[in-house]
Amino acid sequence: MSETKIPVAQANKDYAKIKLTGSKPRRRKRIGAELVIGCVMLSLIALLIIAAPLLTPYDPTHQSLREAMLGSSSAHPLGTDQYGRDIWARLLYGGRIDLFVAVMAVFTPLVIGTILGAIAGYFDGAVPTVIMRLADLVSSFPFYVLVIVLVFVLGNGGMSIFIAISAVSWVPYTRISRGETLILRDREFIASCKASGFTDGWVLFRHVIPNIASQGIVYAMSDIVVNLGIIVTLSYFGLGIVPPTPDWGQMMNDGQQFLAAGVYSLTVIPTIVIILISLALSFIGDGLANVLKVRR
Amino acid sequence: MSGSKWLYIGKRLLLLIPTVWGCATLTFFLLKLTPGDPAVQALGPKASKQALEALRESWGLNDPLWQQYLRFLGDLCTGNLGTSYSAKAPVVELIATRLPVTLIIMVLAAVFAVIIALPLSVWVATSGSRVVTEFVRILNAVAQGWPTFFLGAILLQIFAIQLGWFPIGSVSGGVDVAALILPSFAVAVSIAPIIIRSLTQSLQDSVNSEYVNFGRAKGLSGRAVLFNYALRNGSISAVSVLGIQVGFLVGGTLVVENVFAVPGLGQLLMDSVMKRDLPVVQTLTVVFGIIVVLVYLITDLVYGALDPRAAKRG
Amino acid sequence: MATWNDMIETAEAKAEQTGNEGRIVNPFGESSQPQPHQTRLLDVRGLNIEFVTRQHGRKTRFTAVKHADLHVDLGEIVGLVGESGSGKSTISRAVVGLNDNYTGTIEFDGHELGRKRTREQWREIQMVFQDPYASLDPRLTVRKMLREVILYHKVVMVTQADEYCEYLMNLVELPVEMLDALPAEMSGGQRQRVAIARALAVRPWLLIADEPTAALDVSVQAGIINLLMDLNKRLDLSILFISHDLNIVRSICERTYVIYHGDLVEEGPTEQVFSHPANAYTRRLIDAIPKLSSAYVERLAAGTNDVEHDEEQA
Amino acid sequence: GSHSTAADTQDLVVARSLETTDMLPATGYSNGDIWAIQQVYQTLTRNKADGSGVEPGLAESWDESADQLSWTFHLRHGVKFHNGTEMTSKDVKFSIDFARTARDDKPWQFLFEAISGVDVIDDYTVRIDLSEPWAPLLSDLSMSAISIMPADFAGMSETAFRSNPIGTGPYKVGEWKKGDYIKFVRNNDYWEKGKPKLNSVTFKYVSDANTRSQMVQSGQAQIDEFPTAVSVSALNKTKNVHVASFPSTSLIWVNLNNRKKPLDDVHVRRALAYAIDKQAIVRAVYYGQAESANSMLSKNLMGYSKDVKDLRYSMEKAKEELAKSNAPKHFSLTIQVQSGDPEKAMLAQILQESWKDLGVDVTLQTLDSTTVYSNRTSGDFDVAMFEMTNDISDPDEWMQYMFSSSANVNSGYANPQVDDLIKKAAADSDRDTRLRYYAQVQQIIADDAPEIPLVYKPGLFAVRDQVKDFSVTTLGEYKLADTTIAQE
Amino acid sequence: MTATDMTTSGKTAPDYEYALEIVDLTIDVDKHGERVPAVKNLTIRVRPGESHGLVGESGSGKSLTLRAVMGLFSKGAHYRSGSIKVCGKEVLGPSAPNYDPVIRGKGVSMVFQEPAVALNPIMKVGWQIVDALREQEHLSRADARARAIELMESVGITNPEDRFDSYPFELSGGMRQRVMIAAAIACKPKVLLCDEPTTALDVTIQQQILDIFRSIADSGTALLYVTHDLAVVSQLCGTLSVIYHGRIVEEGTLRDVFDTPKDSYTRQLLSSTPYLKGVMKAAKTGDDNGGVDNSVDNSDGNADSGRKGA
């Protein structure tokens, strides 16, 4: 049989044969040390919070006014607050609602904002304009007015805080997602999807959004800490999580009046936890950015 | 500045109209949704029911909502911003004394944030050292997790009480900038982490970019490359992040104003919401809307000045 | 699992039986999809494409393609050459349906293609893009990518999809194992083969290859071009081959169009265009082709290359 | 620091928890307004420092007619307004008429409803006619709301006057930055010779309690109004700073909605009252800087009876009472708390926990003060917490306000016997009789528990040692006319 | 083309034989957490005024080599051993373990592959030439500007005065590449490295750019020209090296290598050029062979994993 092809570099051949063991290739996505550290830190904190009943005999809401403001002892490892409640117990239980609200108030806007941004970036015409104008409007509306007023309308508590934050914080996700979509839209694979005859909705949800989601997800990591900060701030104005549900914002603010008396521990203890979470999320954010970075 | 630039600015300023209308409308209905009677606030808890009713009538609070809304829009269009229910003074007057405070805090905070963020970001981006990266990461986490009221208390304790460098809640006539330094710094600390993150990211990108390599290949010194190539390019994206953060600050400095006893718009806003002082809240949201639009415009102009490609992108 | 060779053998055996000489027969049998009726598969007449660009707020009209008449016959490989920005991609995007903002008519198999195409019409014309690094969804494995388009267009049943994917991999001469690879794990040439496989998956009649080798190494280019020629022959696939590499066009195309600033300035059988260019621009283009003078290549071309065997034995 | 100059210039800075928003006497109602109005304006009668009654103010003396329906006031001579004009009867008539006539934005008007007319007898004599005998009149006239202003606002419009107040007080308004501070400067023509001694007094609005303390600690301010109880010991330890405690009329109490089930059942209310450990509250919330309250009348007001037996903490009794009631075994209550008030929030949490043992499921609802007060007026609440101070030395206002069936404080409690006692007490001019009536009312209220008194709070002030002769009256008036600042 | 003013100093007899001398260079890169050599014992010598081609497929280590000469290792690339001398002076090697950047600009300079990303996007192109001149030649602003305009003209930029104030994004690819060349040769480097400078360009433009390089070399500058396009090499270079998987597999003069390639890889490279018209036609008409090798076009990314998987 005579060679009729364009001769090609034969030497390549040895290297070219890809030997893949099994049917699925081992796709070792390199999970960086950052992601591991961050996840371990966060899981530890989460574990403590979930296993709270096992780690403390105290009811975090149980007051014992006669045992208020005790220092650390074997009975109360972190002491008690001004109601005589065990601080360690409050710290453990306090994370439940805070983290739940903070995470949900990131997740929801992340999903909504990403979809809206993708739509705004992918299509031309009136709908994107409306979305972006709305985003402009919300972002020029003072955040705390909206939150505070919503908390008044809906009654204070985790649900209101969640709704209020969500109502505002979809905007950055929309902007991020739109920006990414605008870039992606010019990439040829979107054109190639369209050329395959896929409808716009199909392309949007199966190709655009999965490819742009990573940026928003990475941003969301730092947003969780921001949300914790908002909960703390609302507590400062007495609009946070409703007592007696233990939460960190309330704990910090309970400690606030003691600052003038030179007692810092009440505020410092929950602050340290939030800083640790912030650190963990920062690791996770960077780690995720590396993992989610779509290799070209 | 070319003619087209003015045209652009003009167009952007036109955007103020829908923004103002949107902000005002949103506030109007939100406040109407909230329980609480402004008349009670105005007359105090001891006032009689008849007095309350009479006051509500005279303020038109008993009219149908749409009438109130139309009247409100009419007032807004004619620039009649009304009189504060609680301070019983013209809203404009209340806001005018506080506006400079807030503006100065915003500007100073932006400046401080840059002063904090820039060296740290450059340090991380250029050193390439793990230790530095982690050190700055911890700084960021601490800045993010530290509640503002606590930071404020500590700053006051150290710089106002121990060292006596800055006044607390100055009572001098006019605006005492010295009293605004600590609050601005506290604000800067709270926004610095986000700026550091984005600046580090973009600096790292630009430090590793091909144009920086080419700059070096041409024989430029490290400093020249850092400043003219890496930093200028790297700061472009940070400018918009800073702009958004500063925009967010408008009215978001409530805690700082409370803790540092500086009378800014945030505090007025909080008080007015609490007091159901509709005319003040409405005017404030409009003012905030305008400031935010202007901040974004300035951001975009700075962005455009830094990045010649922006003009092309439109 | 059937190897490529087995597959080809069965295919060829089938081909012999059915007298369908030279065509690879789909192991799943010819589907119910209709075959083209016309020899003139694609007929573009008076295609005019304008872009409106905004610069500093001013609209400027720019005609990217000027009254182009162009046709591709069944089983033909037609070249379209021209310098960067001359409008090659613009034409191809209009033909394939990515740009509906044109005047003129695009007829396919005797029917005019409307602005809104049916799924069937989308299927008939497929395109391979210039940059294999950008034209594949980076998140999807080859299998997912192929399955998506196969199932979307209902080319085969779900249960047969995997087998059909393997068939496609064989068709584009990729190892079946690579079905589970991500684009990032593949070389440019392999990606381009995947892109071709995806285009062929829906059994198009016309393949538009928009500079499919421009981003690839010379050594890799050859493989892709071989593949395209092969497919053309085996599947009776018509190909509109767009390139600015005149060497390649000269090697594989039967007919060639030369485009210059949106004008189709020359059209004719490739050999004639290259040896007797009628247009000055075409001449300039041809003159610019770098000439490689290598005695070795000459010997190779002349078929008198025996050195290689000697060496290999040594 | 920059604080060593206070003594040289005799400029006093008071860090205040409340803002001054309205200095028109008849309309300013918050303590932030009243205590500022009192620096600039004066009234015909003045409250004695200990709150036990009134003494002459701008009126040097007065006579009551035999039928108790007409009072003649003799004005002090030579009192000048800040604009230099002398105060005369026509100013008094104008001011009283302005305060008492029905206007939709005057919150105090109800106090002066008994006044039927004001007549100018001569430049220094004024007669006030009453529609019925009214014992609290002299006290009422000491209210800041009825301060003496120049007739016709000295030619200004009401709005202009509101921002540029003119009174006869020791200080005049120097600079007023709304929402920030108000600065009073010495009135050199003040009628009390040798007063005031300070050049200026600045009321600086600082809502954050920590910051107020810090201002005094740093010398930025000389007085901090209402340091938190917990910071008292730390402040006392600070060099050059001490905490001064003045008697006050402040009462912290729990308002129950007597109309709502099951609070309409007296046994339930008593059970709730019994379940509150006031002693523990005094310790945990006030660090001993308060006193547990036995009566719903403030301790330092005339009429207070220390013999009133309150429902002392006893869980057994609470449970017994509850057993007597027809309340369900478990029921829920909502406590409304004002946002931004950590003290009440803390009390509410303690109540929540205290009542849990009775099977009461308590929800806290944080609302802005406007809504809390609106709800109190409209009866839209179960339980709410309030602090009350009185503005006049006579208990009538308090009694009317808190317990009468037409009370502004809407607890829904209506007891004809109480109404009758209050009415009789107001009409009676005999002090002892009045006291007896009031003691009776207090015991009835204590037993019926329509409202539950918690603690009496003193007025705490963190003061730099250099401040001399600063005092606050029981009714909250800042005595700044004698105050001086010494070198530190 | 005004090439006269480009490098006059090159004509005076230098005290070194090779303007660029790379000996036994080995460079490691991080791959999957391991450090593997990507350039192995590479030796290339270029005389002043000579154009040397470095040819190889994608990923063979061409850019790494050039970057080593520039001392511009990116993250993940590490110098291991060997020596690089520019004009007789060792810039990287046993006696100079840390790259000495002093040599950049006047000693050695480089033209990058993608002018779109290698020019500072927010700086006017003129200034990107001027800043090199000012830093290295200590020219005044005005002098540097005048010189930059001359340079721009010399690389075939029409209306250099106008173009001076353009931003890179306002220029076409060809123009950008010219600007980059002008900036790279601004300080008259003795050695100019070119990393596929025409790959992104049209044939017609490519031809013009090649002319510029030719005249630069003529003026005495040593040119190390990296490409995978053999035709370009045959037009420009006198000598060439063929690199394959980080190793030089063949070197010599253009004629030797092109006419009698010894290494099998070189041969396949030559034979894979699609200029074999006759062969092509045969392929179109002849019968097909099922046994085509499956994947002929691999960058070494897969090669490596393939090797490891085996």
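Read from first to last, the chains carry the letters A, B, C, D and E; within each, the first residue is number 1.
Heads up, the rule we're going with is that a residue touches a chain if its C-beta (ideal position, glycine included) is under 8 Å from a C-beta of that chain, and two chains touch if they have at least 3 such contacts.
Each chain and its UniProt protein: A = Nickel ABC transporter permease; B = ABC transporter permease; C = Oligopeptide/dipeptide ABC transporter ATPase; E = Peptide ABC transporter ATP-binding protein.
Please read these numbers as outputs of a predicted model, since none were measured by experiment.
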Notebook entry, point to check: Quick one: which chains contact chain B (ABC transporter permease) and chain D both?
Noted result: A
Check: Using C-alpha centroids, which chain lies at the maximum separation from chain B (ABC transporter permease)?
Finding: C
Next item on the list: Report which interface contains more C-beta contacts, comparing A-C against A-B.
Entry: A-B
Next item on the list: Using mean C-alpha positions as chain centres, tell me how far chain A is from chain B (ABC transporter permease) in Å, no decimals.
Entry: 23
Check: Using mean CA coordinates as chain centres, what's the chain D-chain E distance in Å?
Finding: 87
Next item on the list: Round to the nearest whole Å and give the separation of the Cα centres of chain B (ABC transporter permease) and chain E.
Entry: 51
Next item on the list: Would you pick out the residues of chain E that each touch at least 2 other chains?
Entry: 57, 264, 268-269, 271-272, 274, 276, 279-280, 283, 288, 292, 294-298, 302, 305
Notebook entry, point to check: Residues of chain D that touch two or more other chains: which are they?
Noted result: 210, 214, 339-340, 367-368, 371
Item checked: chain B (ABC transporter permease) residues counted as touching two or more neighbouring chains -> 34-36, 149, 153, 258, 273, 312
Notebook entry, point to check: For chain C, which residues are in contact with chain A within the complex?
Noted result: 93, 96-98, 117, 119, 122-123, 126-127, 129-131, 133-139, 148-149, 152-153, 175, 177-178, 180-185, 195, 198, 202, 219, 222-223, 225-226, 300
Next item on the list: Spell out the residues on chain D that touch chain B (ABC transporter permease) in their complex, using ranges where they run on.
Entry: 1-3, 13, 15, 19, 21-22, 24, 27, 29-30, 102, 104-110, 159, 162-163, 175, 177-181, 183, 202, 204-208, 210-212, 214-215, 217-218, 220-221, 339-340, 367-371, 373-377, 401, 408-409
Next item on the list: Write out the stretch or stretches of chain B (ABC transporter permease) touching chain D in their complex.
Entry: 34-38, 40-49, 51-52, 54-55, 57-58, 86-89, 93-94, 97-98, 149, 152-153, 156-157, 160-161, 164, 167-169, 171, 173, 258-261, 263, 267-268, 271, 273-276
Notebook entry, point to check: Quick one: in the complex, what on chain A touches chain D?
Noted result: 61-63, 65-66, 68, 82-84, 152, 155-156, 237-239, 242-244, 253-254, 256-263
Check: Inside the complex, what are the residues of chain B (ABC transporter permease) that reach chain E?
Finding: 128, 208-211, 213-222, 224, 228-229, 232-233, 236, 306-309, 312
